[in-house]
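Here come two complexes built around chain A, the first alongside chain B, the second alongside chain C.
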Partner chain A sequence: MIALVGLVAVMTALSLLLGSNLISPYAVVGALVDPANDPGAVVWGSRVPRTVLGLLVGLCLGVAGAVMQGQTRNPLADPGIFGVSAGASLAVVIGVYVVGTSSVLATLWLALAGAIVASIVVFGVAALGRGLSSPVPLAIAGTAVSALLVALTSYLVLSDETTLAAYRIWVVGSLSGRTLDGVGIAALFALAGLVFAVANVRSLNSLALGTELARGLGENLLRARILGLAAITLLTASAVAITGPIGFIGLTAPHIARRLVRGDHSWLVPASGLIGACVLLACDVIGRVIGGTAEVPVGVVLTVLGGVVFIGIVRRGRIAAL
Partner chain B sequence: MTPALEVRDLTLAYDRTPIFDKLDLRIDEGGITTLIGANGSGKSTLLKAFGRLLVPTSGTVLLEGSPLRGLSARSVAKRLAILPQKPITPSATTVRELVSRGRHPHQSLFRPWTPGDSAIVDAALAATGITDLAERDAGALSGGQLQRAWIALVLAQEAPIILLDEPTTFLDLSHQLDVLRLVRSINRERGATVVMVLHDLSLAGRYSDRLVVVGGGRVIADGTPWEVLTPEILRDAFDLEATVIPDPASGTPLIVPAVDIVL
Partner chain C sequence: MTTSRSRLAAALIAPVLTIALLAGCSSTPQADPAASADAAWSFTDDTGTTVTLDHRPERVASYADYAIGLLSYGLDPVAVFGRVDVASDDRFADYDLGDTAVVGNTYGEIDLEALAEAAPDLIVTGIYPTDREGTLDLTAPYYGFADMEQQAQLEKIAPVVAIEVGGAGSDVIDSLNRLSSALGVSDDTIATAKAEYDTAAADLTAAAAESDLEVTQMYASADGIYVVKPADEPETQLYSDLGVTFTDAHPDGDYYWDIYSWENAAQMMTGDVLLVNVEGYGAAELAAQPTFASHPALVAGQVHSWNGAALDYRSQAAHMEQLASILRESKAVS
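Up next, the complex of A and B:
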């Protein structure tokens, strides 16, 4: 755990030092100490915000993934499964299509709203059916609602070129050009999500024994589910709002964490968050360095590297069945 | 004396199929009561109603005299532990961690883990004879060892009433005996009230103080093993032709099914 914190610090330093603008480490440190020394405002205008946001988004996605896999007892569960990403995408697309807005701030609000509405719908559909005792109805409702939202998004995107152009850039997930302006609200949502996730940790440990035994141990199932879903929704929604949908972290970070700190969620959840932050920053730095002036968006780097890493994990048989 | 558990006028349904109609049953403190009955007779359903896992359609379940419906999940869990038929073994978890989760109802955000909890977990591991396995991964245990670990978890819960749903399923005969001896020692040494569901009638007769035969939405028979395991009741409840003889080893009823008549 201490090693993970150290790794996050290393990644933060790398993220501040490396980039498409070549600046000497001394200049970066000088700029950090005194913003007036900032060459071309690269450090405070670009690297500090994207590092802070990268840490936040990675942390959110890692924690959300661990809570998600604990709630559904599904090792393939990804925060996207609750329709959160699909809801955010549709809201962003509607914004562009109807109002023609594609400013970073408007996109952020739209994504946040879309994500939250979508997950409330998913929760409602699951609760109306066979209820929340088994994780299966939730996953099915999430998948179904996601499919519907993706279909609507595709329809809008394909029928309007301007929308397609704006959507295309947003949907890969990037930290480039993001500033700290207006992310306060997303950060607030993320913070609430983290608090809920921590409060859900003990319940995740008992839910891992099966619903019946968890109830026998005095778990209030409805409360545990609502708390967990609220955490997942808030964390994923704020991540999606800041960077656009970013896959793989929510799916893989918990698996790596499980190997490092094992199955107790009071360690697993924070470790997964730290791993998420490391991985996101690392991929963002890689994207900046390999792309030169034309950066490769972090979402693309992650999908390519994440895919390879995940195949490696699967081939070595290290995926734990939950 | 207030019974440990009591159902009054209980109607239970599972997916709208009625299972029990206006059932009355009392479980007194201290003994081992085993629910037996044919497949689909509802014995596990009844156990779940006792354990607050199933909400009755009508009627009441009383835990030490107070209606279950009015109690919080946590306060029930401090007085009653239930081991379901198929608990899930969590991944990357040691036996000690697994057993520690039995302390769940006694903890909260504001009452963290204490040395007292550790002592209780150690005692539960010792009582079930798995102290040596404490640091092993729960997923690597054999069926018999794992069942002991689950029973240790239930013991760590420190509830005076313990419900076990088919604790011997999937185990070979020697491990079935092993688990039932353990259940009896928990009952005799800790004074725990045990209610369980078993399939093997002779083993049920050997290890229970009282047998309750359920079927057709009601209690068919209720009493000591010798009172209940009679050819007539076996025919009525299980559609089984059998002779009942004293078990040469324990003196409890031994069921000997009749030989098939080949024409």
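Up next, the complex of A and C:
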């Protein structure tokens, strides 16, 4: 765990030092110490915000992934399953289609609202049906609602090219051009999500033994589910709002964490969060340095590298049935 | 709404026209035997494709930009297809599209049935070179078409000719003029438009000389900044020729754009005037980017929303007047 914290520190340093603008490390340190001495606002205007946001988003997705896989006892569960990404996407698309807004700040609010509304709908659908004790109705409700939302999103973007153009840029997932303005609210939601996730850790350990046994251990299943869902929704919603949907971190970070710290969720959840932060920053740095004066969005780097890494994990054949 | 209205109009008008034509044929068959419209017609376009018809095309369908050029010479297309919504495209504001069917409002989406209903003799679109040398890739679909399959279907409706949009702006205008002449526009009409254009061009040259400013033509989004390379875009090439100075940091490098990530913004901040593409970030969004907020032209408020004009004499005359007045009201900031 200490090694992971160290790795996060190293990644943070790299993310501040490296970029598509090849300024010297001394200049970066100089600008960090003295913000007035920051030509072109490269350090404080670009590197610092994207590093902070990368850490936050990676942490959120890593933690959300670990909680998600713990809740559903499914190693292939991704935080997007509860319709959060689909809800955020639809809200962003509606924003562009109806009002024509694609500013970063408006997108942030829309994505946040869409994600939360979608997960409330999913939770409502599942609660109306067979209840919440088993994770299966939740996952099915999430998949069904996601499919509906994705269909609506597709309809809107395919019928209007302007919307498609704005959506295309957002859906890739990028840390480029983001500032810290207005991110405070997303960070607050993320913080609440982290608190819920920590509070959910003990329940996740009981749930790992199976629903029946968890109940036998005196676990309040409804409370455990609501807490977990709230954590996943808030964490994923704030991440999606900041960068757009970013795949693979929520899926792979828990697997890497499980390899390192085994199955105890009180270690697994934070480890997964730290790994998520490391991976996101690393991929962002790679995208920044391979594009010349332009950049490759982090979402693209992650999709390419994440796919390869995940195949590696599967090939090792050590995915434990949860 | 407007699309369906114009389609309806086309549907109503087509039979009326047919009747009128039939009536004309039957009642006065020898009224104008020497009319060139009845002679065989042949035209070789910029791709080297030769179209031969038994009469000069009277019914022309066109991609929006060239339709604007044809309209400026009084040739009303029977159908038009655009990359953006034609009804709300300001560039058509001066023209009456009442008799024109709008058969496409999105790139590559052309309503083939509606187009066939308009019964064009000829379809006009463009082709962009794939590099600075002007290479034309004829295995790829023409500009405005989705794919080769669609192009083949269009060719079944009517032969297709393409205007090359690359290199010198004046060559693109000449190409449109050559087509317009072949379609029956008189030399006088073209000369009148050219006179208006030459006046505007001379005025732009004068404005550029008095103001001595550097103009940056760009598109910006969350990805970063795309700066147009003046020699690669026909319009900026034309204005450069007329004496306007454009930002041109890397004339050789990549074709058409130089792309800068936001943290590299400082490398392109040499302009005094920013012409920002209407489809990307505007002044407010640019000011929200910390690495761009200090751009002297942005600070001075010398940012103008800019749309690509059609490459014909009249559109260019208007666009050049607009640029000349922007140059005259701006001051040097860097």
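As a convention for this text, the second predicted complex is superposed on the first by the 322 of 322 C-alpha atoms of A that agree within 3 Å, B and C clash if a C-alpha of one lies under 4 Å from a C-alpha of the other, contacts with A are read in each partner's own complex, and residues count from 1 in each chain.
One rule holds for everything that comes next: contacts are C-beta pairs under 8 Å (C-beta built on N, C-alpha and C of every residue); 3 or more make two chains touch, one makes a residue touch a chain.
These figures come from a predicted structure and were not determined experimentally.
Novice: Answer with first, second, both or neither: which of chain B and chain C does A:G19 touch in the superposed model?
Specialist: The second partner, chain C, only.
Novice: Between chain B and chain C, pick out the one touching the greater number of residues of chain A.
Specialist: The larger set of chain A residues in touch belongs to C.
Novice: Return first, second, both or neither, reflecting whether A:V67 touches chain B, chain C, both chains, or no partner chain.
Specialist: Once the two structures are laid over each other on A, A:V67 reaches no partner at all.
Novice: Have a look at where A:R258 lands relative to chain B and chain C in the superposition and call it first, second, both or neither.
Specialist: First partner only, chain B.
Novice: Can A:L235 be said to touch chain B (first), chain C (second), both, or neither?
Specialist: In the superposition, A:L235 touches no partner, neither chain B nor chain C.
Novice: Touch test for A:P297: chain B only (first), chain C only (second), both, or neither?
Specialist: Second partner only, chain C.
Novice: Tell me the contact category for A:L217 with respect to chain B and chain C: first, second, both or neither.
Specialist: The first partner, chain B, only.
Novice: By the touch definition above, which chain A residues appear in both interfaces, chain B in one complex and chain C in the other?
Specialist: Looking at chain A, the two contact sets are disjoint.
Novice: Please output the residues of chain C touching chain A within their complex, sorted ascending.
Specialist: 83-84, 106-107, 221-224, 258-267, 279, 284-285, 288-291, 293-294
Novice: Within their complex, state which residues of chain B touch chain A.
Specialist: Interface residues on chain B, with respect to chain A: 48, 51-53, 72-78, 81-84, 86-88, 90-94, 97-98, 101-102, 104-105, 107, 109, 157.
Novice: State the interface residues of chain A toward chain C in the complex, per the touch definition above.
Specialist: 19-21, 39-42, 44-47, 49, 103-105, 160-162, 165, 169-170, 174, 176-179, 181, 288, 291-295, 297
Novice: Within their complex, state which residues of chain A touch chain B.
Specialist: My answer: residues 73, 199, 202, 205-206, 208-210, 212-213, 215-220, 258-259, 262-264, 320-322.
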